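In the two assemblies presented below, chain A is common to both, partnered first by chain B and then by chain C.
Let's look at the complex of A and B:
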């Protein structure tokens, strides 16, 4: 089965993925160097000082030096560029400016599990729910309940996410105090591995999760509905129906199986985007993941941290699409290299 | 082309009609801003925290501003913002998509790799990074930056449209009757791209306006300029909800919901029109 052609394709695709990462990371490298009025270091320092916190002069000096090293701002732009890549390849994203000298990598490692946990569950759940509902509505387009469901889901879609999150928080945390208003676990408890702590985590993740679900389902729903209503008109579906095959079989094997494929590509991209966190969700619900980390980085002008999260996200999205492209033939037998 | 498209959709599609009417309301509100008796930058010209009344239709906020007139400015600025961002990104998407679809080969591969690189960029984080480098992004630069980042998905769409047009008879007919490449692209292809252009234009407006709200709520935009996002920012800063000044938040939220719903309905309707299978079914190609 594995021919030279397959190997060639796989190598080409991996190469393409690396080029994509290379280009977009280079864009991230260029941005801080476009500052015209002030070097990013001085502006970072002056901003850090303007926060009004007491900073040790020695720390400032050290900060300046490490900033130069961290940005790779000594030497020519070309030298800087080489060094920048050297650091990244070693997995070193430099120190964080706001909680100096903790490496950015450590901060990311602490926040990552919360974000990934929350987003992995909500992304997959909204994908599953959205696709199933979309499929069912697509098959029963002319039924009244299907139209009602479609209108309800579509009515939720144009609401800006921030507003949706705020409304949920106001309704379910202040007006009806059912859920905690923020955090990932009760204040004062230490993360443990037992059921009561797990239950607390679930309870805290409920509102942010619900808000992400409500926003996430709509897109998948609409996409699936359109795909399914197209497939309904295909000859093989019409034939299967005329042949009086089991309705459930037709739905799952004839319609859903085919409509699923484009949606899987979308899921891969979405899963890759998990790694940039959800800024607004985590700010509104005070959830201690990558988004909140980035928010604090914004407040304290922590370039390194923002760059680190950005690069992490680029790599995750690129690998996500790479993996899905490589396993696609397993899902769709029509595609061969 | 655009005129007939709009006319046909108004006649045929309830969603388009609803969206169109909502959009007219929004545009009317924003035109009112030119006749505003108050200056959007001045504060404390009115009593603070008054609920909606006959004198102050949407109440006043904690900064002594009339919420109704502020909303007219906010809607105007938000629409202008979305239009700039969408125009810039459409220009790039169209260029990228047509060139790479039409020329094909090596050029296509190179352009598409650049295209994919921009797809992987986490836009919000990159804009935040740019905002940090240039301190605070003011109105026009921010709109341009969003335009510069908002094109890669749609350029793929344009590319695939061109690819399918290229294989159709009309291209050969034009080519054999001696049309130049330039006029084939402009006279033959572009009219076919108009519906996709319009629907992605609107989608891009939704996207950039959503990002603007996010960035403003975070306090990263020019906060003096009234937009939907900055209005929410100031209401949050003054703890409008805790003080019970709900109309200060309700106005921008309602404005945002109307604006986004209008744009969304328009785009869904055009999108369905674009899909040739649906058009063929209704026999109006």
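Let's look at the complex of A and C:
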């Protein structure tokens, strides 16, 4: 039977989550409009002028007025804000300015599966591998093999991601042509639902995935190793060891379970962040995703697209932390609502 | 530089081994490598790859083959010599435009026997439909132009279109004339069925060009085009023969991928590279072909890099100050810093490219040598025609390049001359205007304040611009001016700084010419004082420097009164403009925008070069379509 207190807590926490989303979305709405360097209309005119053609100054003036209406930027910022929430509640993020009049949702829908597919897998895998290795090394920190593993992982960690990605590309795609040099699937093929296409996707995702994994593991590894080293000195662990409890039980139930709590919170936040995409991976490996989409949106002052991608991240992070908060009592018996 | 060379040397061995084994394989299902040409699309990833509507306001990536090999329009002007020796190319139009006496009517005779890729004949109805549709939708590309210019458009027969204009306009045809791009013709039979031409995706695109879309990446990185079976019913095929490659693949790649792919012969044309990367690749790939066979390699685009001075802002409104800034620069240093010396210098306000050398640079040499400025009562001749030779020598000594020694080749590739490095003369000019120096040797404005210059330039997007601006700031500092650079994103440089005049000094460009035609009204029309906008308001066209003069107005007015094909008068007026720009020096011309386009001759041969300059090799130009009939397979 769920107590009234729990129900009250859950409702309050959900309300808090919605308030966070509302405030964050409002901030995202305001910031681009306050930035003096950003003007979607001037940006569009600049792109049109950059096509290397003579354009009559009167035509430019007319285009400026026409685009203001077409982009829905007429009226005060407050008018636009009200209209924006009206559209959001209808599930409409409006048209992309840089790809006008294609809806923002269409552009996001095109990139989202690739970003989620790649980052979800690599984030979870790097979390699992990093934590397991960090836990094992933390428990065996004085052993030679543990020191060797720690040195190796710590040596990989500071390598700038761009260099790491490029190195993998050169070694495994050009010198030893084992993996494709880029893209999410072979040039000339179009996505379809069959196993051979899925195998192609996996093969193409291997190098970008590996690059993310190699840099991702280090952080989780170091965090877990430090936590475990600290927990190893706690009285209850020392007592368990003195009581001659099974080593595996001590490792999994006494050490890892306690050390996992902050890492789970970290994972929830990290999972929310995947909706921002990963720009450098996309550039180096020609991998489609939200990173390049949002980067171009910022460069082209595409307010709607910037908001679309950012709102996605805000919602994901907010709901990620909400879910973690709600399931925490299941993970840590000391916490009760 | 050494690191890049070493890296490429190691790669060469490994890549050559792999290449031999892969050479004969299919590149993709059903497409063998020797019938496919792979070209870089510098736009990278198309954000909305399903959309091929080039007339829509947010149409994505025109350079993915769409404007080069699928679209067509009435005329093209080649920035170089042109496929048959004349840069003016009648494409869908059978002959140049015919104007009435007062330029209020333009008649266009269309070519017969041209068909859309779905088998429908191209006729006057398509041209009329294009104009009327765009005019009715001013948010679409070229829409406002037609609304302002065109009163009525009609046909007298299926191959003759008449434009009745709202006002005299001797350059109406330029909207339908490609210089990089132009207004392309819509297929009436397709668009008339579209509910809304703005949101219509035009997918698959129906071609007037010699290729049709075979497939494209829904994620936006590549587009595959196939040669039409009826290629001879397109203007390119009809006039110049069968395009060589059966398939064309346009692909967006990072700089590293471009180098690696071309080393493996998996990328036939690279759009542009940084000078170091390009030079290393040229040295390592024996199949690499560039515009010039040797230093400076790159293709000079008809775009002029210049130091833009906001003529409204003090002290840049004073001609003596502008000249002092010019004479305190050693241009060879700037060329070495930005392009490793591989720069084509220009002392006058047009890019040193194509026929401009014959029309403007060569004829103005004697005037430039005689030209003088008054410095403290004495005449000083600032022009120095030995500077390109000095640049060649310095590039040879500093980088060990094999530079040309022939005088004509040096002029053609490195420019005709530039302004003397004369800081002593520059100091006298400043002193004549009341400028003084403080105890640290820094220049003070006449009111005693420290003179500070912030040069706005592109940052991450175009390193050659950042490097050039940095060298300029360094030289002005050496001269005693407190100068620094402010790098900004390419995307905001024009809309946020240059167009609204939100700068004092910038390193960018505002002069782009046809290249293949002497008519400077292409960019100059918007410099007329009728269109003048003060700083704070968006400039009309490219007059970012806010320059105005009665003499300039007269030149523009006279230019627009004469026939576009009256070369003699056009060149004379162009020269008047260039002389005025030298006398006033409202901006400091530096060099052409040199593009390191690198073609690979492993699978294909026949690329344009300075020895056979039949078109621009830079593959995102629509004009690059003229390359295709000339490309032949090597047999590999």
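In this text, the second predicted complex is superposed on the first by the 291 of 337 C-alpha atoms of A that agree within 3 Å, B and C clash if a C-alpha of one lies under 4 Å from a C-alpha of the other, contacts with A are read in each partner's own complex, and residues count from 1 in each chain.
By definition in this document, contacts are C-beta pairs under 8 Å (C-beta built on N, C-alpha and C of every residue); 3 or more make two chains touch, one makes a residue touch a chain.
Computed from a prediction, not measured in an experiment: that's the story for all the values here.
Judged by the touch definition given at the top, the superposed model places A:96 against chain C, while chain B stays out of reach. Using the contact criterion defined above for the overlaid structures, shared-chain residue A:112 touches neither chain B nor chain C, since it reaches no partner.
Of the two partner chains placed by the overlay, chain B and chain C both lie in contact with A:170. Legend: residue contacts after superposition of the two complexes on their common chain; A:137 is shown touching neither chain B nor chain C. Contact with neither chain B nor chain C is seen for A:256 once the two complexes are overlaid on the shared chain.
After overlaying the two complexes on the shared chain, residue contacts for A:207 are found with neither chain B nor chain C. Contact with chain B, but none with chain C, is seen for A:279 once the two complexes are overlaid on the shared chain. Of the two partner chains, neither chain B nor chain C is touched by A:322. After overlaying the two complexes on the shared chain, residue contacts for A:314 are found with chain B alone; chain C is out of touch. Chain A uses residues 43, 170, 283, 301 to touch chain B in one structure and chain C in the other.
Only residues 11, 14-15, 18, 27-29, 31, 44-45, 47-49, 51, 56-58, 60, 62, 138-139, 141, 143-145, 147-149, 171, 174-175, 179-182, 198-199, 215, 217-222, 224, 249, 251-254, 256-257, 260-261, 263-264, 488-492, 494-496, 499-500, 512, 521-523, 525-526, 531, 538, 540-541 of chain C touch chain A when the two sit together in their complex.
Residues of chain A that touch chain C in their complex: 36-39, 42-46, 48-60, 62-64, 66-67, 70, 95-102, 106-107, 110-111, 114, 166, 169-170, 174-175, 177, 181-184, 186-191, 283-284, 286, 288, 292-293, 296, 299-301.
Those residues of chain A lying in contact with chain B across their complex are 16, 19-21, 23-24, 27-28, 31-32, 34-35, 40, 43, 154, 157-163, 170, 222, 226, 230, 233, 272-273, 276, 279-280, 283, 294-295, 298, 301, 303, 306-307, 309-310, 313-314, 317-318, 321. Interface residues of chain B, counted against chain A in their complex, comprise 113-114, 116-122, 124-126, 128-130, 132-135, 206, 210, 213-214, 217-218, 220, 232, 241, 253, 256-257, 260-261, 263-264, 268, 275, 277.
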